[in-house]
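As written, the chain order gives the labels A, B, C, D, E, F and G, with residue 1 at the start of each chain.
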Amino acid sequence: MNTKFRPLHDRIVVKRLEQDQKSIGGIIIPDTAKEKPIQGEVLAVGKGAINEDGKVRPLEVKAGDRVLFAKYAGTEVKLDGEEFLIMRESDVMGIID
Amino acid sequence: MNTKFRPLHDRIVVKRLEQDQKSIGGIIIPDTAKEKPIQGEVLAVGKGAINEDGKVRPLEVKAGDRVLFAKYAGTEVKLDGEEFLIMRESDVMGIID
Amino acid sequence: MNTKFRPLHDRIVVKRLEQDQKSIGGIIIPDTAKEKPIQGEVLAVGKGAINEDGKVRPLEVKAGDRVLFAKYAGTEVKLDGEEFLIMRESDVMGIID
Amino acid sequence: MNTKFRPLHDRIVVKRLEQDQKSIGGIIIPDTAKEKPIQGEVLAVGKGAINEDGKVRPLEVKAGDRVLFAKYAGTEVKLDGEEFLIMRESDVMGIID
Amino acid sequence: MNTKFRPLHDRIVVKRLEQDQKSIGGIIIPDTAKEKPIQGEVLAVGKGAINEDGKVRPLEVKAGDRVLFAKYAGTEVKLDGEEFLIMRESDVMGIID
Amino acid sequence: MNTKFRPLHDRIVVKRLEQDQKSIGGIIIPDTAKEKPIQGEVLAVGKGAINEDGKVRPLEVKAGDRVLFAKYAGTEVKLDGEEFLIMRESDVMGIID
Amino acid sequence: MNTKFRPLHDRIVVKRLEQDQKSIGGIIIPDTAKEKPIQGEVLAVGKGAINEDGKVRPLEVKAGDRVLFAKYAGTEVKLDGEEFLIMRESDVMGIID
């Protein structure tokens, strides 16, 4: 991603990992699961979520993290010819170390 | 925009960038995406979002920013013959540097 | 408006500006817009919005302001033979200077 | 209203003003308005609205006020042979001086 | 009610007053009203409503009060052969002195 | 219940009292009631409800209490061959002394 | 679970216990129950739930706990060939000691 894109607030940019890459992290998503989780790499994160009192809470997820998220989470955008996902941190189920 | 328009609270005025201008920022929105994001330039921003305790939180987005937002976000208005969008900052997915 | 009317809390009284007056502020609303915004002049405002903790937040809009609002916002009332709109400040998109 | 009735919290008792009395306050409600406002006189008010933190916020409306409210607001009750409305202060659009 | 019953939090126990008893308080409910209010006597009240911060706000209604409430408010239970209503204080419209 | 089960937060474990046991507490539920309340004995309670600020509010209900609750409240589980109900304290209408 | 997976915030990873293992904890779920609870072992937990003010509340459930949860709670994922569930702590009804 050559173009610099700063996600706003609690949004993050994720590069979806392809089918054949699933075996790297060791997670295989069964076809029968209602919500199909998918993994990807976090490329950029917002400054943080806005609490009800207006304060900013930094995100737990950071660029470089490999994350697991629900299949239909986020919005797909094309950036410099590649597809990315913009989602909220709350769509992320966890981090794969 | 010669007419001065001050958006209220967390609203912003955005000049939508045309199809052929999309290549400038490098973002191409696939037709198959459920929510089609679009980019534009921020012309004016409100004083800030009102928190639950009534305090004002200044917006992160400022005039001049190139932003990415969901296609159906905001309300279209014509101002001095040109079309603009009035949306809330929360409709903005991120800033393109 | 000879009759004195004090809107409650975050409500405001607006005198809708007629079609031919639209060119004054320079804003023309396209017929195809989903939510058709309209402009008007604010005649009276309430003491303020009630925050969750019960404190009053004075409104940003004041009597005399020319405002842009969604077409179906508010409730129409007749006062001394003229029609007015009573709406909440949150229905106002911005102020035209 | 000879019977003493104390509305609870943010509720108020209103005596609806009849059609022919509408000209007194100068407000005429057009038949075509979606929400038809009506005016009335406030006879009694509760101690106040309960905020989220449990504190009581005294009402802005007081007994004797002539108020404008939405036509279908509140619940009708008969008291000593006359009909009254019990509504919440938030159903009141404003006070006619 | 010989059996001791302590309503939880903001709940109260009400003994519904019969049709012919309506004339005592002077309130007659018109059949045409959408929500038909009814009156009754409060027999027991909970310790108080729980605020969002977990603090307890004592109820304004107390045992012995004659109250007006919406007809379909609460849950009917039989206690020692008599029917009672268990409702929340927020279902009470006001107190008849 | 020989197996130790600790309900989480504001949940409680209740042993439903059979039809013929209803006369003990003196409460009979009419068949015509919309929401049919039922009574039972509390066997275990959670540490408390979580307030919005994350603090724990201890429950008012405790093990040993005989409680009245709505018929369809909670989830039924079998424990050591007997059926129990797991519900939230907010499903409990009151305590029978 | 050889792959390290850190659930985010209030999420937990649970290894579902098979049908024949149900007798271990002594809990049998009746087929007729509307929401069928199931038990499992907690393998990993997030740092805590985010309160409204943005502070983190550590979870009550910890790795190693045997928990009871609703049958359709969470999302199923395969990790190193085994199936796991990722759910929120609020989906857990209680802990079996």
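One rule holds for everything that comes next: a contact is a pair of C-beta atoms (placed from the backbone, for glycine too) under 8 Å apart; a residue touches a chain by one contact, two chains touch by 3 or more.
Quick caveat, the model's predicted, so the values are computed rather than measured.
Counted as hops between touching chains, the shortest connection from chain A to chain E is 3. One simple way to say how far apart two chains are is to compare their mean CA positions; for chain C and chain F this gives 51 Å. Distance between chain centres (mean CA atoms), chain D to chain F: 41 Å.
The distance from the centre of chain C to the centre of chain D, each centre being the mean of the chain's C-alpha atoms, comes to 23 Å.
Residue positions of chain A touching 2 or more other chains: 52-53.
Viewed as a network of touching protein chains, the structure reduces to one closed ring of chains, two contacts apiece.
Traversing the ring of chains that begins at chain D and proceeds first to chain E, the chains occur in the order D, E, F, G, A, B, C. Interface of chain B with chain A (complex): residues 25-30, 33-35, 37, 49, 51-53, 55, 57, 60-61, 68, 70, 89-90, 92-97.
By the touch rule above, chain G contacts chain A in their complex via residues 2-9, 11, 13, 46-47, 50, 52-54, 75-81, 83, 86.
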